[in-house]
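Presented sequentially are two complexes of chain A, the first with chain B as partner and the second with chain C.
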Partner chain A sequence: MNVLLSIEDLYLNFTTFWGTAYVLNGINLQIYEDEVFGLVGETGCGKSVTSMSILKLLPSNAHLSGKIIFEGRNLLELSENDMKKIRGKKISMIFQDPMSSLNPLFKIKTQMVDVMKLHHNISKDEALKMARELLEAVKLPDPQRVLESYPHQLSGGMRQRVMIALALSFNPSLLIADEPTTALDVTIQKQILELILELKEKYHFSVLLITHDLGVVAETCDRVGVMYAGNMVEIADVEELFENPLHPYTQGLLSAIPDPRYKKPLKPLRGNVPSLLNPPPGCRFHPRCDYMKPICEKEKPELIEYSKNHYVACHLYGGKRNE
Partner chain B sequence: MSEIIRVEHLKKYFLFKEGIFSRRVKYLKAVNDVSFSINRGETLALVGETGSGKTTTGRTILRLYEPTGGKIFFEGKEITNIPKREFKKIRVQMQMIYQDPYSSLNPRMNIFNIIAEPLRELKYEDIEDRVLELLESVGLRKEHMFKYPDEISGGQQQRVAIARALGVNPKFLVLDEPTSALDVSVQAQILNLLENLQKERGFTYLFISHDLSVVRYISQRVAIMYLGKIMEIGTVEQVFENPQHPYTKLLLESVPVPDPKDRKRRKKLILPGEIPSPLNPPSGCPFHTRCPVAKEICREKEPEYVEVEKGHFVKCHFPG
Partner chain C sequence: MRLREYVIYRILLAFVVIFFVITIVFFISHVIPSNPAALWAGAHPTPEEIERAKEELHLNDPLIVQFYYYLGGLLHGDLGISIRTHHPVAQDIASAFTATMELIIVAEIFAIVIGIALGVYSAVRKDSWIDNLARLFAISGVSLPAFWFGMVLQLLFFKRLGWLPLSGRVDTIVMLNHPLHVITGFYILDSLITGNWVVFKNALWHIILPALTLAMYPVGLITRQVRSMMIEVLQENYIRTARAYGMPNRMIYLKYALKNAISPALIVVGLSLAYTLVGAFLVEIIFNWPGLGRYATYAILSMDYPAIIGVVIIAASAYVFINLAVDLIQMYIDPRIKV
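What follows is the complex of A and B.
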């Protein structure tokens, strides 16, 4: 499989009033062509900000370093003009709340046609025809009515379908979906996830799915990366990760989630997610870890390939990169 | 087992004008003929999608909304229409925990005062000792006492809200999505806390949730709501392992299972469409517009409850 996007040693700091926040602490990950890669973690672990870094949609107080290689080019070195040619065309994104991604003052028709005209250089009629086809592709019943509606007249699930239609209008090679179903009911969540998977089979793009829900990961992803406090702690194929989690944090996360099939005892992780303004030294998970060793307080473990295609960053498994 | 809460044919309608200047009104039937009872020490979960009326049901039982019709009994005594002054004494024994702990705590009060306020109101003695005891029982420490709500994490805020509710020695708690604003690792902490408190003090819970995995974990009985009505009610085992209503089956099928191996085994059943507007509910069985097995009769006649096994009721013309 070919690598589509490769993130190498990505660091991200925010300068804030209260000091520097160390938000990403050396992230490494590869997304292959035609796969669904899931990025999981709790609030504040840096999963959303990783995707924002890929598109360079960060506020001015952000300092990025490292490499993000996409189609042979380092995105961090591209000018804003070159980035505009990638955003929305080669890499598209959909967000958690589709209401705030759509302009409440304009009909769906106006908003879709504007985007098509801007990027494709086509007439209004052609743009309208294309918009209708896209809405059909995302299985919205009665596309004509949707086009004539304002965003508030549509339900959350329908708005998310409109966003997916817009995101797919340029045949992107990567779709970033940032918690696309968190605001939706489970039945609608299932519809949207199945739709994304179907469209992926049809149009052959990769998906970077950001979520906090391990159930969603298990149902949709091919590979998974687990993040904790700005670090990538484990990457593996989805079945391997659920069956044989290596990192104590992944293990803790898996034993803390309830299962809808039967009642199992829940073992919560103790403590809370650390503040990124003053993260713990060494391994950022060590204050909550049951297997803490002296080295964990001093040295940050590197992400190593422990077994084939199973990467982990933990001193229990060596923690030194074998090169 | 004694009954602590009984609800009979509970209704809550909200009035809407059809337009700003229109005199015609419409009813939003948020809770439309709901009946159930909860035994002491038991957890009944109310499950449903957005707009199914589960939160309104919880609030109407505590008379935060005045019911439009039906009867509510607390420990055998009808409380539907008793005067406010009299109800106040009973209301103390029924407490509520909300979804967003931050907005249910006064940001200008420190934790000590938040927990002490209801105790002072009810003229308790030794308030300081009591607050300390309460903090301990929800897993917080003394040093949290003089912090403000914005200085502690979401999980800790929810613990404070629970401590405050426990202070007045309630018997019955309505928990409205108490963990949906929390991260999974913290969610497990709060669920375990609620379960332990129930074991120690014999609390009765009405657990309102949209998360069926959490419901499976915490409750003994479960009621599935759709457009203001209970479609199926029974023990957790009955409803999860032997669902009879087509809605329950599709709802369970939609829940993501945290096991990738399960993915291939499962059928790809998707519940089509979306929940209709409660302002304009379908005729007959409210679910017929999305139901895969709907027939002519479902459009015309609302089904009655059928007891498929002991304590397991379904509102469907064609259960099973």
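What follows is the complex of A and C.
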């Protein structure tokens, strides 16, 4: 499989009023062609900013360093104008809250046509026709009515379908889905995820799915990356991760999933997510870790391939494969 | 249709408000101690003349009966006879009103154009020196009094530079040489319709300074409002969506963000229209503009109460209907407030 997007040693700082926030602390990950890669972690662990970094949509107080290689080019070195040709066209994005991601004062028609005319050199009528076809592709009944609607006249699920249609307008090679179903109710959630997978088969793009819902990951992803406080702590195939979690944080996450079959009490992780303004030294997880060793306070563990295609960043697993 | 019912309801409500305004103003102006009959009778009246004037003006009747007569006249568009000029008040006001409206409309156009441009620019370039300059400009616009600003403009553009006329609505000599066929009462519009370019240019030159003076206050309000709304809107998710799809900044700012920012700013425009109506009283005196403000000032100074009531009714109606119009425009812009 070919690598589509490769993030290497990505650091991200925000200069804020209270000091510098070290939001991403050397992220490494690869997304292959035609796969669904899930990025999981708690709120504030840096999953969303990772995706925003790929499109360089961060506010002006953000400082990025490292490499994001896409189609042989480092996106971090591209000019704003070159980025505009990548945004929406090669890498599309759908967002968490379909309520607020569409402009409330413009008809769906206007918003879709405006986006389409940006990259395709087409007339308004052609753009409208395309928009209608895309809305059909995302299985919206009565596309004509949807086109004539304002966002508030559509349900959350319909709006997310519109967003997906918009994302498909240029046949992107990567679709970033930032918590696409968090704001939707469970039945709609399932429909939207299935739709994304179906469209992925049809149009052959990769998906970077960002979520905090391990159930969603289990159902949809091929591989998963687990993030904690700005670090990538574990990457593995989805079955492998669920069966054989290595990192204490991943283990903690999995044991915090309620299982209705057994009435055993949930085991929550102790402690709180650290402040990124003043993160703990060494491994950022060590204050909450049950297996803490002296080295954890001093040295940041590297992400190593512990077993085949299973990467982990933890001093418990040393620096070598299998002992 | 619910929209039509709502509009009709709002219009009826407007008339109720205006009725109360009339009532209050009528009674207040009649309890002010003055002797309108003596004024009416002219210079050095004899007691008999004053007595006759009292009869003519129904001043011997109880106040409530006088109010009844007044309302009856009002229904026929009769605002009474001015005690000072002996013209029907309605006639006097009609010509003064269009002059004021012309001034206010031009001022408000200035205010909206300058205010939105400055507001958008300072939001996009937040904390730059242009933003700071615009802030200073907006604050001075709101806090410096109109008479001061008007006089500074007169000193600069008339006395120093000699670019623009000092005061008035058009030069009399121009009006004499190129008589204007009055259709709407708005000189700029009338001269444009009839193709009277000499008067058009002259009227335009005359209106710039008073309109700018009058616009200072709303410019400040609109700039600040548009700026803060724009900053808020630019952080919205749908703006991030637009960016994520590679939309050029120009299109984001001027199409997708501005429409969202403008809708709350419209309330300020409506409010500022009312303020300009008040401001016009001062500005008209400074620039000798033959409008409602100047007319009202003379009416007040000579205790010409039919004229005072007339002006207040017209001003209050204008205020009420401007607010109604703003609400309806807002409904049109923002599809979410559909009744």
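Assume the second predicted complex is superposed on the first by the 313 of 323 C-alpha atoms of A that agree within 3 Å, B and C clash if a C-alpha of one lies under 4 Å from a C-alpha of the other, contacts with A are read in each partner's own complex, and residues count from 1 in each chain.
Convention: contacts are C-beta pairs under 8 Å (C-beta built on N, C-alpha and C of every residue); 3 or more make two chains touch, one makes a residue touch a chain.
Keep in mind the model is a prediction, meaning the values are calculated, not measured.
K.L.:
After lining up the shared chain so the two structures overlap, which partner does A:Ile188 touch, if you call chain B first and chain C second: first, second, both or neither?
P.N.:
In the superposition, A:Ile188 touches chain B alone.
K.L.:
In the overlay, answer first, second, both or neither for which of chain B and chain C A:Leu105 touches.
P.N.:
second
K.L.:
With both complexes overlaid on chain A, does A:Gln160 touch chain B (first), chain C (second), both or neither?
P.N.:
Touch partners of A:Gln160: none, neither chain B nor chain C.
K.L.:
Could you say whether A:Val273 touches chain B, chain C, both of them, or neither, answering first, second, both or neither?
P.N.:
The answer is first: A:Val273 touches chain B but not chain C.
K.L.:
Which partner, chain B or chain C, touches the larger number of chain A residues?
P.N.:
B
K.L.:
Go through the superposed model and pick first if A:Ser173 touches only chain B, second if only chain C, both, or neither.
P.N.:
Touch partners of A:Ser173: none, neither chain B nor chain C.
K.L.:
Per the contact definition in the header, classify A:Gln30: touching chain B only (first), chain C only (second), both, or neither.
P.N.:
In the superposed model, A:Gln30 contacts neither chain B nor chain C.
K.L.:
Return first, second, both or neither, reflecting whether A:Asp259 touches chain B, chain C, both chains, or no partner chain.
P.N.:
A:Asp259: touches chain B, not chain C.
K.L.:
Counting contacts the way the document defines them, which residues of chain A are shared by the two interfaces, the one with chain B and the one with chain C?
P.N.:
Dual-contact residues (chain A): none.
K.L.:
For the complex, which residues does chain B have touching chain A?
P.N.:
The contact residues of chain B facing chain A are 49-50, 153, 155-156, 183-189, 191-192, 210, 212-214, 216-217, 236, 240, 250-263, 268, 270-272, 274-275.
K.L.:
Can you tell me which positions in chain C touch chain A when the two form their complex?
P.N.:
Interface residues on the chain C side: 236-238, 240-248, 251, 255-256, 259-260, 263, 333-336.
K.L.:
Which residues of chain A touch chain C once you look at their complex with the stated criterion?
P.N.:
Going by the criterion above, the answer is residues 55, 57, 83-89, 92-93, 95, 97, 100-106, 114-115, 118-119, 150, 152, 163, 166.
K.L.:
Where on chain A is chain B touching in the complex?
P.N.:
These residues of chain A touch chain B: 42-43, 155, 157-158, 185-191, 194, 212-219, 238-239, 242-243, 252-254, 256-264, 266-269, 272-273.
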